[in-house]
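Presented below are the structures under discussion, each in the form of structure tokens.
Shared between the two complexes below is chain A, which pairs with chain B and chain C, respectively.
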Partner chain A sequence: MRRYPSAVAGLAVILFLVGMALYTVVTIPYGQVLQDWRAGEHWRMHPANARPVWTDRLFGGNAPPTLTISSDAADAEAARFEGGRQVRIPMAFDFAYDDFPSELTLFLGVRGTERPAFVEITWHRPDGSDVRLGAHRIAGEDRVSISQDRALEGRLGRVPHIGLFAVDPGAPGRPEVLRGTYRLTLDAVLFDEAAELHADLVAFGRVHGIAGTDHLRRDLMLALLWGTPVALAFGILAAVGTTVTTLVIAAAGVWFGGLIDAAIQRLTEVTMILPILPVLVMVGTLYSTSIWLMLGVVIALGIFSASIKMYRAMLLPIRNAPYIEAARAYGASNARIVMRYMIPRILPVLIPAFVTLIPTYVFLEASLAVLGLGDPVLPTWGKILNDAQMQGALYNGFYYWVVAPAALLMLTGLGFALFGFALDRIFNPRLRTA
Partner chain B sequence: MAEPLLVVEDLSLHYRTEAGILRALDSVSFELGRGEAVVLLGESGCGKSSLAKALLRLLPRNVAHHSGRVLLDGTDIMALSDERFRRDIRWNRISIVMQAAMNALNPVVKVGEQVAEPLLVHAGWKRAAAAEKAAQALARVGVAADFMDRYPFELSGGMRQRVVLAMALITEPALVILDEPTSALDLLTQAGIMNVLKRIKWETGTSFILITHDVGTSSELVDHVALMYAGQIVETSPARDFFREPAHPYGRALMASVPRLHDRADPVHIEGNPPNLLDPPEGCRFAARCAQRFAPCDREPPFARLAGGRRALCWLFDEGGRE
Partner chain C sequence: MVPVPQEPARSQAGRDMRQVYLFGIFVARRIVALVITVMIGVYLTIVVANMGGQVDELRLIQIRADVTEEVRADPGVSPAERQALIERRVALEVDRLNLDQPFIWRSFDYLRRAMFLDLGRAEQMHSDLGSRQVSRIIVERLPATLLLFGTANVLVFFTSILTALSLSRRYGSPVDRAVVALAPTSAAPGWFYGIFLILIFAFVIPIAPPGGMVAVPPPDDALSYALSVLRHMVLPVIAIFISSIFVSIYSWRTFFLIHSSEDYVEMARAKGLPERMIERRYILRPTLPPIITSFLLMLIGLWSGAIILEQVFNWPGLGTLLFQAIGHRDTPVIIGGVVIFAYLLALTVFLLDFLYALLDPRVRIDPEGSGR
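Our next item is the complex of A and B:
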């Protein structure tokens, strides 16, 4: 093993990927990931298009993460009146980052009554000035999108989540962040004595997690993690499926010869000129883009692939080997001769090729996804790339959106290639240097 | 006389080749008793190996014609279906040690498993029991049990030959065909293997068909000699008689070509080549090289009966042939 450091490195990469895949499958169940990956309420507390946290560390910035200030922690003052309550909830938070939040939203909920509440919101800045954010009628669970308040934007001269945090919002040029303690006061009138007001102020950050988020606020980490088992499963199943069937068919053709061999050869020649990718695109466009269907088509097209020719060439001399004739003499059946005498003979040469075949199928799946034929429900590396491309990720500077899945794809290719090439040197003595 | 184990009658095997029909075997007939050994003696290309293959139906794809009767214990095994033949005859009744037996071992299977393979193939055997039986079979041919876990390439030629022999004997067949079992081995190893064969013949009563062109080694084991020439059996004789004095002129020429210790006379080689089996000559096939050729040899010779149970395919022994 020490003589083949690339085998060790490749194996380490493969084991890392397998470990990641196992961890993912165990911690995030399949059903859950399908549900979560559909955009929606699940991600409402996540920022959209946030960078990964590490980019900030790497380039020395101090961008704000997502801050959530809950009214549960606040000391609410309440005053009763006939048929209801008047409540004042002060909320406070420190903001000392280099950059502005990406969005500001107040999630409000009135519980214990059907009747709507009136809520008046006031923003207190660290420099002592107050900004009135208007009065809202809140029923049930509701949200106030402060960032999208056009009137407020007009008053401040900038989009609210910048204007509210800038030193001098009206000044031209690049605004500066006003650091200090911000407060928000909610003055609410509830028309029921039992009613409660619950509030979450969310200042969406500029950075999120290890992988960042996409345009639908989804955490890219989920897709990167789940892409691993999907990619490995696809690659390995496709490689096993095509190699095993091809090998058995080639061996059977060589063994039985005659018409069977001729039929197999002609079929192979026809399949060889069928372009796989366009066929897959056709199936994906006309029928379904389910990854399992794609896997089936890939294997079906791979059965009579060009490797049959190679295996045939390798098996032909073995067919006439004395030990095969001996096996016939002691009554070994055709199936036994093919499976136990012919195939094992060329396996050592095939294992390296098999290992290097796995990433080509991983790439094929990613290519399909990039072409928009990815699995409709399952997050994969290729689908992240597809989303990134659709959203103009590179044009908008969201490089991490492209880099992370691409790096994982390359890592997969590298790991299997290193391992496969090393195996080739181990199994093929002619490649061994003294 | 008890019913013989094997009766071969009119066995013919022709191959289709690019040049035409090659008559590898032409109306071959002989008998073999239980516990007896016969040697098929003859020079290269005379059809010895074809006879072995024809008996076991190990035919290549280009067979043009395969006919005759082969009675094993009274049943005509030529009439069996391929599947029944494979299951019931191969290795259960007749096994073979192939020519180039050294290469007859699957290089990726360990010796122990390999020897047990015929038992596994012919169903009913559990792996462990088969392995135990394989160890016994190997011990019988003088291979120690610690060779069981080795691969064929780790064994010497003699060892491999013994392994192949163990494999042929493991199912305790009634008849074992040995196709040049010692041809690639040194003299000491040859002697060792011939001794093993003799002991097995003695102990188990197995019948052997030995195929060789080596007159010396064969005389050790066999009871009968069947002399082959150009796809025909030209003489069958008890071994003792044959080695003392062959009846057929070809046999005499063959024996004269064997070098002898303490003999001033040079070994004599037979002039000319065997006839082309694509188009064998009319009449006696040996006539062209025969020192005793005379007029009737242009006609098909009879399989004449001689004294002592000998037979020869030659006009010399036919009353009608002599002037």
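Our next item is the complex of A and C:
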């Protein structure tokens, strides 16, 4: 083993991926990932298109993460009046980052009453100036998108989440961040004595987690993690499904010969004529893009693939070998001869080919997803790439969105290919260098 | 293998005639076999694309809805008359599309038309000249695909063969080891490298266009048009090149290594023949059939890889067309694309057989291979 460092490296990568896949499947159940990846509300507290934290810090950046300031921590003052309460909630937070938040939203909830509350919002900047953010009628769960307040944008001269945090919002050129303690005061009138006002001020960040987020605020880490078992399962199942069945069929054809062999040969030629990717595209367009259906079609088309011809050429000389003659002499059945005598003989050639085939199918799945024919519900690496492509990630500079899934794909490809090429040299000594 | 009976009295011309005759028989048999193969393949495609006839029911509903919509706004028609009108027009349309016949009959009609490349009319898409004919749409896109993939394949093929030949001589050298080490990079397809090439050479260091085939607006004179196409071709060609060159060199090098240790090559070396002559006559000549096979097989492989690469580079070829057809759910175009791909593959296979027969006389006599 020590003579083949590339085999060790490849195996290490494969084991790492398998470990990651197992960890993912155990910690995040299948049902949950389907639900989370679809649900929009689940991600409302996440920033959209945020970079990974580590890439920012690596290049010496100090971009803000998402800050959530809850009213639970604030010292609310309350005053009763006839038929209701008046509440003042000051919410304070420190902001000492080099960049502006990407969005500013206030989530408000009035509990214990049907009647809408009246809330007035004021913004206190560290330099002592105040900005009125207007008054709102809030019923039930509601949100105030401060970033989308056109009137406020007009007053500040800039988008609110920049204008509210800038040293001098009116100045031309690049705005500068005003560091210090900001406060948001809610003056609310609740028309019920039992009513409660709950508020969350969210200053959405520019960075998030290890993998960042996409345009729908979803944490890419979830998709990157879940892409691993999906990719491995697809690659391995497709490779097993195509190589093993193909080999058995080729061996049976060679052994029985005659009509069976001729039928297999003609079927192989028909399948060779059918272009795999366009057929998959057609099936995906007309029927369903479920990854499991795709897997079935890949296997179905792969059974009578061109490699039958190759196996046949390898098996033909074996057919009349003396040891097979011996097996017939002792009365071995046809099935036994095919399975126990013919197939094992060409396994050394097959195993490396099998290992190098796995990444081909992993990339095939990614290719389909990039074409927009990815699984409709499961997150996969290819689907992240497709989303990124659709949203013009490279054009907008969201490099992380493309690089992370691509790197994982490449890692999988390299791992299996390294291992497969090394196995090839181990099993077929004529290929050894020096 | 059946030995050809040869009479000593037969003249040279007569033997040549016999050779040509055998060759003709062989070619004819292969053509018939391939046509049948293509027919089965296309028929399968048709069945899949029509969901075994289920699409017809959808089509009937669609026809009824369209007709109802057209008639609905007609003033001065009583409800009974309107109903009769709808029925009549639906019946006309059903008759026009032969929808009253069982699917099995129509499927053969579709097959006949597909085999003669009468691919029908597109539902949504049209060619740049405005034609709705699927064949026109496809023919318009074909040259772009052929240009890009032809160039890239020829480049990869000759570079890898020549490099492999020289590497097999310098077996175990640092360059050789580097190629072996780099071979696994070919696990990723061309479009994958394409994404990064675009990222680096179109956005980070903008020296090449990120996609498309010519500049917008296209240059007027032919020379600058060609130059513009060339500039747009650079990145996709490099992407294909990177994704296939190392594994290609690796496998050829292995192949030549095995062949250059054959006894007859050793013998030639022992005779003191020059290295160039050994390469040409003793290594390349007997290995020519597998070299050509793999060249054509590579073509087949790249046909299908083309869809995504073209999509990534926004190259207006068959792949992009198919991708757009998916977007429009334009079934005739999708089927047409598959049929064209099937034909291209069949043509490749035929060329393969033909060249084989030219290069290796044994094939002509026993087309199924001598192992039987």
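Heads up, the rule we're going with is that the second predicted complex is superposed on the first by the 431 of 434 C-alpha atoms of A that agree within 3 Å, B and C clash if a C-alpha of one lies under 4 Å from a C-alpha of the other, contacts with A are read in each partner's own complex, and residues count from 1 in each chain.
One rule holds for everything that comes next: contacts are C-beta pairs under 8 Å (C-beta built on N, C-alpha and C of every residue); 3 or more make two chains touch, one makes a residue touch a chain.
Just so you know, these numbers come straight off a predicted model, no measurement behind them.
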(message) Please determine, from the superposition on chain A, whether chain B and chain C clash or fit.
(response) fit
(message) Output check: A:Arg111 vs chain B and chain C. Expected answer is one of first, second, both, neither. What do you get?
(response) neither
(message) Taking the superposition on A as described, I'd like to know which of chain B and chain C A:Ser333 touches: first, second, both or neither.
(response) first
(message) Once the two complexes are aligned on chain A, which partner has more residues of chain A within touching range, chain B or chain C?
(response) C
(message) For A:Pro322 in the superposed arrangement: first (chain B), second (chain C), both or neither?
(response) first
(request) Figure out whether A:Arg38 sits in contact with chain B (first) or chain C (second), or with both, or with neither. (result) neither
(request) Look at A:Phe416 in the shared chain and tell me whether it touches chain B only, chain C only, both, or neither; answer first, second, both or neither. (result) second
(request) Tell me which partner A:Tyr341 touches in the superposition: chain B (first), chain C (second), both or neither. (result) first
(message) Which partner chains sit in contact with A:Arg57 here, chain B, chain C, both or neither? Use first/second/both/neither.
(response) neither
(message) Between chain B and chain C, once the two complexes are placed on the common chain, what is the minimum CA to CA distance in Å?
(response) 8
(message) Going by the contact definition given at the top, which residues of chain A touch chain B in one complex and chain C in the other?
(response) none
(request) Give every residue of chain A touching chain C within the complex, in rising order. (result) 6, 10, 266, 269-279, 281-287, 306, 313, 316-317, 356, 359-360, 363, 366-367, 370-373, 385, 389, 394-395, 399, 402, 406, 409-410, 413-414, 416-418, 420-421, 430-431, 433-434
(message) Show me the residue ranges of chain C that touch chain A in the complex, using the header's touch definition.
(response) 33, 37-38, 40-41, 44-45, 48-49, 51, 55, 171-172, 176-177, 180-181, 183-189, 191-192, 195-196, 198-199, 203, 250, 254, 257-258, 297, 300, 303-305, 307-308, 311-312, 322-323, 326-327, 329, 331, 334-335, 337-338, 341-342, 345-346, 349, 369, 371
(request) Spell out the part of chain A that touches chain B in their complex, as residue ranges. (result) 257-258, 321-323, 325-333, 336, 340-341, 344-345
(message) Looking at the complex, which residues from chain B come into contact with chain A?
(response) 56, 58, 61, 86-87, 90-92, 95-96, 98-101, 103-109, 117-118, 121-122, 164, 167
